[in-house]
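A, B, C, D and E are the chain letters, set down in written order, and residue numbers restart from 1 in every chain.
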Amino acid sequence: MMDRGALIGGVIFALLLAMPVLLPIVGAEYLTGLLIKAMLLAIAAISLDLIIGHGGMVSLGHAAFIGVGAYATAIGLESGIEEILVLLAITLAVTGGLALVTGTLALRTSGVYFLMITLAFGQMIYFTLTSLAAYGGDDGLTLWSLATFFGSDIVQEGEGLYFFVFAALFLTWLGVWRISQSRFGRVLRAARDNPQRAEVMGYPIARYQLIAYVIAACIAGVSGLLLVQYAEFVSPSIAAWQRSGDLIVAVVLGGLGSRNGAILGAFFIVIMEEFLSSIFHEWRLIYGPLLVVLVLYAKGGLNDLLHPKSREAS
Amino acid sequence: MSHIARIENLHAGYGRAEVLFGIDMQVRQGAVTTLMGRNGMGKSTTIRCLMGLLTPREGSIHISGKDMTGAPPFKVAQAGLGLVPEGRQVFPSLSVVENLRATARPRADGWTEERIFEAFPRLAERKGHYGFQLSGGEQQMLAIGRALMTNPDLLVLDEATEGLAPLIREEIWSMLDRLKQTGLSILLVDKNLDELARISDQYYVIEKGKIVWSGDAAAFGAERTKVEQYLHL
Amino acid sequence: ENLKIGMVVTLSGPPAALGQQIVDGFQLALDEKGGMLGGQAVDLIVEDDELKPDVALLKATSLIEREEVDFVVGTVFSNMLQAIFKPIVESETFLISPNAGPSTFAGNNCNPYFFVTSYQNNQNAEVSGMVANEEGFENVFVMAPNYQAGRDNVEGFNKTFEGTVTDEVFTPLGHQDFSAELARMSTSGADAVFTFMPGGMGVRLVGQFDGAGLKDSMKFMSVFTTDETTLPGQKDAAVGFLAAGNWAPDMDNEANNAFVSAFEEKYGYIPGGYAMQAYDTANLIDSAVAATGGSLEDKDAVRAALKAADFTSVRGDFSFNNNHYPVQDFHALTVVKRDDGKFHTSFVRTVVEDYADSFASECGM
Amino acid sequence: MLAIEHLYKSFGALQVSKDISLSVATGQCHAVIGPNGAGKTTLIHQISGVLRQDSGRVLLGGQDVSHLSVWERVQAGLGRTFQITSVLPSFSVLENVATAVQAKTGSSLKFFARAADEAALNEKAQATLSRVGLGDRIDRPAADLSHGELRLLEIAIALAGSPKFLLLDEPMAGLGKTESAALIDLLNDLRSDFPMLLVEHDMDAVFQLADEVSVLVEGEIVARGTPSEVRENPQARAAYLGDGA
Amino acid sequence: MSLTLFLILCLNGLQYGLLLFLIAAGLTLVFGVMGFINLAHGVQYMVGAYLIFAFTGLTGSFWLALVLSLITALLIGLLLEYVVFRHLYSRSHLDQVLATFGIIIFLNELAKVLFGPATLSIDTPELLSGSIQLTEQLRYPVYRLVTIGVGLVVAVGLFLTISYTRTGMLIRAGSTTPEMVSALGVNVKQLFQIVFGVGAMLAGFAGVIAAPIFAIEPGMGDNILIIAFVVIIIGGVGSIGGAFVAAILVGLIDTLGRSLVTEALGLVFNASMANQIGPALASMLIYILMAAILVFRPKGLLPAKGAT
């Protein structure tokens, strides 16, 4: 069954898959880095959309989990662990555990209070990272060795890394979409729509929301891991609240709770920044109003421009 | 007798859904007019258009002879319409007294807080409660009181007796009776045929967005079974 | 084939003033040479790192992969340098820092492709300690923002200062209201305060210090706090404050006089150390490209030519240490108001000559 | 089936439940009537767990549920409707009901299979909707329904959860004559499946459905009996029914 | 720590708190009371600071510049409302976040283009410069004392307006049920426009007040916006009284924390350890406070009744 959303998603992924072949032909290999950066942002944005778009839980602390994932990986690498699967396990355990604790507390609130309590936890994580003097403090840490995949350095650079990130993006996209359509996702959306009703239907909604929160944090953690592989560097600034804000912008701009919105939003941001800043130094004078115009005229986000009048998820 | 409100060839809907298909209705000065119909036929949509809460796609709305098609709600209200909306919509973050005061438009020997509290002693007992702390019926009383405090020329009640205890409901009907005596015009959406028959001067029955029957009190008396058929399946 | 030079500096947010000085300083040198360095026409590509590591990284990789530049000049801030360092040096492109000089790359991790034309970050503070000794301060109140550079500067000061540090206060980065710290200062009994408060923090601190009337009771001594980027905001409040550095606009030598007047004429403001270092960087590249006869393929030859530092630095003597960080003189400076009402730092005396950083010995080069 | 023992509740100085006790046996419909603000909705909130009682107990099928949370009581078999309509506005009418069905059929911790494709859920939802007369509205977003239609959806959601006991807060409110009559018939049918507690101001409905009626005034039960007994009860007449009934 | 120092810290905390209140009050009005998330509120604070800078430069008089700045801030607020905000009232909070985020980006850049990236400053007005002797040992700047006074006056005025006047009632009612307010004869759009203008003016006023103390630079509103959000969340959204209490609380805790935490840690750990974690902990303090309050009071300290 090929609906419009799947079609657009298919086109996006086919394009991304073809890029390593297409870019050298047009002599634009240097764009690989940009695409990896956009894909990493997209992974985190999709995970955030699980809780914002489907769960109605707007978190302003999501980037902190990217930071935690990245630091877990970096510290693992520094202490000599190089196998990416082991690092992955560490990252998932650390981000998941942290999300379980902060999520339990944060979910006592809702709405904008949730937004702010997640900001608070995010800031605590951020300031903690800045005080890790052994790992570079504010300045961050350059990583002289990177993770390997069963001992091979295929996931360190170039196409190997590209496809690895691509695979992660695809799995995230597919996974989050399926979750949103599953029984679990339906409960999550019900709790977003009307928590009291969902509760009186017989669902312990806080539990469902917590699970979603932890899943989203784990995915963000994975994007942190991949970010380390790509940047060969970590610094606390990836966990700053402004970064969480960027993620929210990507999600909302793309279209909340839609299958491809988060990807579209993430790519839009990365590409527009790159494009505008290369033609005009005061590019923010254009970018700011552009966001305003998009909000005013593209009501369901970028996704609806491609895909009018059929909000899928809800 | 002049018309305080006149609706002509009204078409309206939500998004792509068409709901009203050419409604014609007149609300006479000093009379009680009733709009009836089964659930989902377009009664509230008609009221929303009249109040300016929904912009008609076609047709016109005149209030006291002035064209008010597409006018914003506050203009319509200032032209003398007072609405008791479906689903009460009291201001949850205001106390009972504040709910009455916030939008009041005082008039010499018009409605005052004291008179509202006299009419609904229950509200007086709950003066300091916030809107969200009231029981369903109390909210309904408050919504009626709030509309009266604007001292309207035409009182528009969309299912105003929903959720009221029988005693209060009776009280409301007799209040409407008294209001009618004072020359107030009233537009009612309700399902209580017996009560309506006692008080109303003009009837409209709506079905799937069209007026399928209309008539005055005499016609209603004569054709009551026919009307009931429209209202039943 | 033109000489391609990529520049990664901060041009967004308040620190943009620093990045702008670097761009202007570099451009001035370029213009003076008719757009050529070492006899080759130059394509200068300026990128804004937005003070975000990931942006810096992306800009840097695009410079080396897309533009295939011969030199990268950057950055203003140490953490930006951290972010771009590895990919640039691994691509065997020369990276020359016109400002950031972190200890990270001065010792063990020194690199054959990395040069610094400014100083090692700790040096200015170390010299401040010496200045404090010379001025005869016995009790000094030390304050810095709580981040790596802040801590480095405090450490540097403590290393050379021989008196007593009454308090060591770390404020958050971007601190707004210093009145609590000022209150502590006033009751601390210190003769002087030493601080490192770059950018807006410095403007606020100096204004509030003046407002609290502390100017009469204690001396103010700082690095990167009262410089040509912040003085337009601090104005009279900063006059007479002490500083330490490798240069001042009124340092009297021929090259410097020419540079400062040309710069002022062209850009309408008094250059600061950032502009000066960028100007020197351009001249350094000029000398190296000329020395290699324009063939940049032989990296060892380029490196040797850079290392030779065969150019006239506007600050006087200049050479590179084994770790490619400068060896240069440091001076005591003070803030003055010029007759035309503009403010700048002014040369007082030389405190230490041919001063090298303390990490060089760990560098294996 | 349901028993309430000595329930007390106050909001600040205002006592809304004063020593309320009542029980409903299998197959029975127990109506609670009383003036506006008497505490009927508050009583239902306490039984369903939306509000906590100050003291007293709620027993369902002999089990004390007083300290269970809302969803646990629902899982134990309590179903309810809200006086002020409460549905999932962005869901379609069908999905509203299917979500309620899902809560009682199998685990909802399934992350991969499409819930919308589960025929069992959809069929049951469809059947329930047809029963309340919303069969032709299933694909509409709930937000697009008229007031009366929403009231019907509210009931469908409660029924779809296969309750063992049903709490109905003014189900007739907002319904037209026809719809009310149909709903009375439906509830009459269902009574054999599960007992219910009915709060209602529509006396026709009360007298047609109820086996027993309690009259609640100012938080206290002042009269109890069969519908005809209550109709003749002077206290009930004075406080509530007036002379019309 | 001496008593004098402690008193100064408290006064500073109070003054910072009242400045926060001026910003938070506009924010909570627009957000809590009208249900509109205006991230651009912080940038309006920046606008106020730049306005006073520009107007003092032009007129040479702080007081004239003050009046001009307030009027201009109001006009800019009204203009933004007219061009952007009014189209977003019925939209989701997240759309509002995105659009106002766009405005922040634009205005920050515009300030940089117009005034340059460097930090600017203005002098304290002649009349209010200098300090007065409060106790034998305690001198405190007049300007800061006046700020405290002005903040208190605005706080009381706002509280009375919102709680007791008809306009206040309408504003509160308009946030939850704007349609009904309109259907009962009140021009809600105009009302919202006025509230917006006043909110913008309050933020601008805070910027004006802050300009002589803090420095003026592009982006100066971004961090203060977050702190202002912390304040209104701790206080309970939409509650002026709550915002007041929370602003004072945050002002005091932040100010005292920055000075005392490191010292307090010094009692437990050695000095370098205390210096390591002290400042990080001090920066976290208000966030820890907010999280703790929300865990126990998920709607803040004094939530507005019945607002959603």
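The definition used in the following text is that a residue touches a chain if its C-beta (ideal position, glycine included) is under 8 Å from a C-beta of that chain, and two chains touch if they have at least 3 such contacts.
Going by UniProt, the chains are A = Amino acid/amide ABC transporter membrane protein 2, HAAT family; B = Amino acid/amide ABC transporter ATP-binding protein 2, HAAT family; D = Amino acid/amide ABC transporter ATP-binding protein 1, HAAT family; E = Amino acid/amide ABC transporter membrane protein 1, HAAT family.
These numbers were taken from a predicted model, which means no experiment stands behind them.
The minimum number of touch steps linking chain A to chain C comes to 1. Separation of chain B from chain D in touch steps, taking the shortest path, is 1. The set of chains in contact with chain C as well as chain D comprises A.
A comparison of the A-E and A-D interfaces places the larger number of contacting C-beta pairs at A-E.
Centroids built from CA atoms put chain E at 44 Å from chain B. Look at where the CA atoms of chain D average out and do the same for chain E: the two points lie 47 Å apart. Rounded to whole angstrom, the centroid-to-centroid distance between chain C and chain E, based on C-alpha atoms, equals 35 Å.
Annotation: 76 Å between the Cα-based centres of chain B and chain C. Along chain E, residues 112, 279-280, 283, 308 each make contact with two or more other chains. The set of chain C residues that touch two or more partner chains comprises 11. Chains that are in contact with each other form these pairs: A-C, A-D, A-E, B-D, B-E, C-E.
Remark: chain B residues 14-15, 17, 37-40, 44, 86-87, 122, 126, 133-138, 140-141, 159, 162-170, 191, 193, 231-233 touch chain D in the complex. Within the complex formed with chain B, the residues of chain D that make contact are 11, 33-38, 40-42, 83-85, 144-149, 151-152, 170, 173-179, 201, 203, 239-242, 244-245. On chain A, the positions that touch chain C within their shared complex are 28-30, 33-34, 37, 130, 133, 136-144, 227, 231-233, 235, 237-238, 274, 277, 281, 284. Interface residues of chain E facing chain A in the complex, by the touch rule stated above, are 31, 37, 84, 87-88, 91-95, 97-99, 101-110, 112-113, 222, 226, 229-230, 233, 237, 276-277, 279-281, 283-284, 287-288, 290-291, 294-295, 298-300, 308.
Taken together, the chain D residues at the contact with chain A in this complex read 48, 50, 69-72, 74-75, 80, 82, 86-91, 95, 99-100, 102-104, 106-116, 118, 157, 161.
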